[in-house]
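Look at the two complexes coming up: chain A is in both, with chain B in one and chain C in the other.
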Partner chain A sequence: MMAQNDSLFTASLKDAAAGGLIALALFGITLGMRADVAAGLGGQMVIDYRWGAVAIIVAIVFFGRLALNLFVWKSDKPVTQYFSTLKPKPGAGSKVGAFAKPALLVLAVALPFLLMSYYGASGSRRFLDLAILVTTYVMLGWGLNIVVGLAGLLDLGYVAFYAVGAYSYALLAHYFGFSFWICLPLAGILAAFWGITLGFPVLRLRGDYLAIVTLAFGEIIRVVLLNWYNFTGGPDGISGIPRPSFFGLEFERGENGFAAFFGLDYSSIHRIIFLYYLILIMALATNFVTMRLRRLPVGRAWEALREDEIACRSLGINTTNTKLTAFALGAMFGGFAGSFFATRQGFISPESFTFIESAVILAIVVLGGLGSQIGVVIAALVMIGGFELIREFEEYRMLVFGLLMVVIMVWKPRGLISTRTPSIALSGKARGISADLVQEGHG
Partner chain B sequence: MEYFLQQLINGVTLGSIYGLIAIGYTMVYGIIGMINFAHGDIFMVGAFIALILIVALGLTAATPLLLLILALGLVLVIAMALSAAWGWTVERVAYRPLRGSFRLAPLITAIGASITLQNYIQISQGARNKPLQPLFSGGFTLAEKTSEQGTFAVQISYMQIMIIVTTTVLMVGFTLLINKTSLGRAQRACEQDRKMASLLGVNVDRTISLTFVMGAGLAAVAGLMFLLYYGVIDFYIGFLAGVKAFTAAVLGGIGSLPGAMLGGLLIGLIETFWSGYFSVEYKDVAAFSILAIVLIFMPEGLLGRPEVEKV
Partner chain C sequence: MTPWNDNPVLKVEHLTMRFGGLVAINDLSFNVGRGDITALIGPNGAGKTTVFNCITGFYKPTEGRLVMKQKKGDSFLLERMPDFKISARAKVARTFQNIRLFGGMTLLENLMVAQHNPLMLASGMSVAGIFGLAGYRQAETEAIDRAKYWLNRIGLIARADDPAADLPYGDQRRLEIARAMCTGPEILCLDEPAAGLNPKESAELNALLRFIRDEHDTSVLLIEHDMSVVMEISDHVVVLDYGEKISDGTPEEVRNDPAVIAAYLGVADEEVEVVEEEVGL
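Let's look at the complex of A and B:
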């Protein structure tokens, strides 16, 4: 018994030492030495040494691995065995979801009034702006969820449709003076049109090729916007994009303004609240359409396509058309969100539509659970809202996003909220299946 | 004509760098059928390691030539080893646990790994451009033309010669490695049928790891060359270079080693001639459009085999 423990300890120590060495190799130079231009030396490069940080990381890896080896991986009685009893039973998630969804909805609708009563008009501005931002990402996440979560097509250029929507509105307003309410449907239609134009040739490709082509398309759109100076303003962008009106009432001081019409005192917060409700309604409409479509044949076909493309083709589903509808719908919602973004900011430039933006939206969808609508909300709240509140860690946001994408995919490939109600259940009992029960087809 | 010749030389140099990165994509795709999205960022990490080492060793253009070449050789070896460690880690952490998972999973972790690497370097090394004074200057003048605008000389710099020669040597070495050694044989076996190979005693996991290690090593070579040739790097270079190298791999026929090199050369030439004769601003659009066109009309590439979809 003693000898066995001893060998367990030495084996764990060896393994941990190997891990520590690899960590030293990985971080020794890239973290321990920082090359930078020296101040006042005529552009000469110097090195800052930070061995402390390297020592900390190597120690974390070494002791972390040692502890994991001793108590979890190689131990007869892993500590984690007690966790499995805490795991919710299959189906429990949908009960929580059934309660959480209306509660979240009520909270979302009441949010401006709650904030106003707590912080007053000026204090709640910051939180409302944040709520608008989060809701925009929720809408984008839901839009992308149609493409990635339901139809299983990895779209790395989703931001292109966001950009098409934003620029459609900005350019139509700039050159023709169209109002927001005319442009909103136009922006959606144009984005969907772009989705079809792009999708038609590329959707026959395999999943990973599709990802790369959509990525390339996203970059092409951005580079064109950046360089077509006469038309789009290039890197200067377009400013002075008109604000939306409330049934013809502008949010401004004066007799014809929104406040005067309803007999309220003028306050700039009215416009912010209006924008919040606008994006909330748009997001909910996205969700509603998605949920309804899931019950239609086309929605069923999307999910079948995600699980096994070859089986779908064998059953006579027109895969190209099915993919195209998902792609175009996702693009349309991206376009709607884009024109909202343009009218909220009042200024857009290609800076806002980089690949990083696509990655953020994708990360939200992935972290929330591919195909889960409520998961997108939670992921957007935590990842966008959380990081906006703690500004000091802003620069670490993308690092955390990237790491979480890897960790979540390895640990729970179906996302954190992986319990989904199947669209079709053969027996009445099977209302919810957890990810563990779903076998994947390798299409 | 002189202008054309100059563009040709520049294009071949650029193409060599793309080709070296493309080999990493094509080998990984060949063996496990996935796009290693983080490969471009491994190239970037390699360039950064090389830069840090060059600055730490105090290498400048004033260093005696023989010493400089020896030191650069040392930098190259260390950068290759450390980038290989990164490549190995990425495979071990992000891809290996997902073998046999659904098909989008490894692609999503690859994107996650790419974002992680980019932001790690951005945080640890700073977001600013990192300039490096040129270490080699001068070259041969191949032709000269005097007109009323002045003299236009076609030049091939020592740096360009070095890049082209190194790439050629590595290419020949790699082709031999794949075709003649037992490791190469194991790799080709895994490419054809992983399960069968493991039944026949090939250590599949180890072979796949080594593929990533080799790809990362070549990416580090490309990173050093990029650094020396352009003299400036930042944490974002891996993205564009990665997409272009992937385009090269697809153009040449993904999974084919000579195809990757050929594709790299073609992409380098197209990009250089496009910037030289049409517009510099849209050179990335040209590369991306080629990617889309090739994938749509000729997905098996120039030297690749057509892919058969199996259930």
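Let's look at the complex of A and C:
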């Protein structure tokens, strides 16, 4: 290495100066000069010089690098050695989890009443809407978790099934006047059907190829919805989608409404609360089915597939069928969530089903920890709930989002909850399996 | 005297496998005797693993026939079946040269995955299983019992709930054999089961293979380089070199076959005895 006899400070100073110089070269162009159209000069281009900002950036890089050099990189006793004590100990999470899960469930069930008593009917609407949104994403995350987390198949087009579910309900209601409760299972079945249709040719692909094809499939669905004007309404979308009823009782003012039947004063919040419980029940059903399947042979086969596909085949497992069931099941839950989305909004258009939705759902699953159900909940709360709450700082949302991603990837590269719980155990106490041993799947 | 020729469990007939211009196996025929431990040996690159991959369906042979005849009389043409059906229906199980366990799953889970097909049936293709019907729970208990039996047999019952990737190498090898046995095979194909084992572990492996042959009525076909294993436990040895069979017989016959000695040691016949003593054959 260069100049081993340099003192720590000189070496650090040299390194920091080099860093500062690179920063100057980079930011001098990108930040220091800004082309702008001058107002009142006939649209002439002028260059705006901002050397102050460049100086600040260069100073940050120089001193930041100097500090890192002195205390971390070149130091004999880097301060980071004390950081490892801050890391959670393995197994610490399971204790917290044992209390956190029932507590979260109780909180979720009691949430509308807590909000109502605290904010009143009109004040709590905003928060209930947000809770519905978060729960929808939790359900989508749980659905995608079957495909990505358990079976290890990277699906970048999950929103396609969400769209199929939403449009199934909207179109069936629009053309045949079917009610929500008839359409809900139909939407799930149709989405699962599309999952199988897509899966058959695609699931022989692996890794990057699978990701690209699913990505394309998501776009195909959206583009078809956008261009098939006569049938889907194209970019105009479909409006006037009927609201769900409570065992035949509509949420409306008047004699036959929900409020009148139960002798309550009519309030629009009833419908919101009903929608909240509806999506909560649907999400919990998704979770229940997934957790049950995980303990059944098919769920174990999914996880085995993620671990080693060739070994699976040598054990007589039909890998194509196993992948298809995972794909179809994930798609089905996406379809359920989609038809809920349609009935909640009352209006849908292809705008709602862009690639960024797939990316957000996938980010929820990955950040939460592949295969972890509670991780998905936490990630959805943070990613959807957290960002909606700081909507005022619109400009900084993406900045915070990116920063959060980087922090998670450095601190917990396998997601928040990365330990895997065995699906079956001889001794009563099932210990979590460290993420280092668990494969992520190869598509 | 060739007992493996009457009522063999597996007949390999004129097996040929070409990869482009490379002939990996050339017109190979041999029999795997029912209830025998058959060893497939040969120098590196002789085509042993290719034979295995053909038998277990991971490769489709270019030419030839693989006839598997089960105890109750059903016979299967393995070259026509997809790989997972060879294990599920024809009851051929295998292990891999580079161990392929489900590392992130526990030992018990590994053995449960191996019993996928019967459990899947019992769970009514998962539908009955979701609602927790009694039929499935009974089948699951039986599957756990079978897994426990094999864990006991390979001496790893205490670690049943540990992830498989945590096991030391020798234990992983034994677990892979146990996992293959949990599929209930009629013929067990082992690709270098003794590779990387110390002498004590090798001896344990020999005992395990004998146990599988005698108590479970399973024929064993194994590829092995460790001659102490091959000569001690095999009933029948087939020697390959450059994709062709150069010798076929009892360990005693093969050991004294000049062609085999030449293939392995590459020496003139008059020097054979000297070299043999040196390598301890």
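Note that the second predicted complex is superposed on the first by the 338 of 443 C-alpha atoms of A that agree within 3 Å, B and C clash if a C-alpha of one lies under 4 Å from a C-alpha of the other, contacts with A are read in each partner's own complex, and residues count from 1 in each chain.
We adopt the following convention: contacts are C-beta pairs under 8 Å (C-beta built on N, C-alpha and C of every residue); 3 or more make two chains touch, one makes a residue touch a chain.
In this text, all values refer to a predicted model and were calculated from it rather than measured experimentally.
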item	value
First, second, both or neither for A:Ser117, with chain B first and chain C second	neither
Chain A: partner with more touched residues, chain B or chain C	B
Partner chain(s) touched by A:Ile212 [first = chain B, second = chain C, both, neither]	first
Which of chain B and chain C A:Asn318 touches, first, second, both or neither	second
Which of chain B and chain C A:Ile310 touches, first, second, both or neither	both
Contacts of A:Asp36 with chain B and chain C, given as first, second, both or neither	first
Which of chain B and chain C A:Arg292 touches, first, second, both or neither	second
Which of chain B and chain C A:Leu26 touches, first, second, both or neither	first
Contacts of A:Asn230 with chain B and chain C, given as first, second, both or neither	neither
Contact residues common to both interfaces of chain A (with chain B and with chain C)	310
Residues of chain A that touch chain C when the two form their complex	289, 292-293, 296-298, 300-301, 303-304, 307-308, 310-319, 325, 420, 422-427, 430-431, 433-434, 437-439
Touching residues (chain side chain B, partner chain A) in the complex	34-35, 45, 48-49, 51-53, 55-56, 81-82, 85-86, 89, 93-94, 97-98, 101-105, 107-109, 111-126, 128, 130-132, 239, 243, 246, 250, 281-282, 284-285, 288-289, 291-292, 295-296, 299, 307, 309, 311
Chain A to chain B touching residues, read off their complex	22, 25-26, 28-31, 33-37, 43, 45-47, 148, 152, 154, 156, 201-202, 204-209, 211-213, 215-217, 219-220, 223-224, 226-227, 310, 355-356, 359, 362-363, 366, 370, 395-396, 398-399, 401-406, 409-410, 413, 440, 442-443
In the complex with chain A, residue positions of chain C that touch it	56, 58, 83-89, 93-94, 96, 100-106, 108-109, 112-117, 119-120, 123, 125-126, 129-130, 132, 136, 144, 148, 160-161, 163, 165-166, 179-180, 183
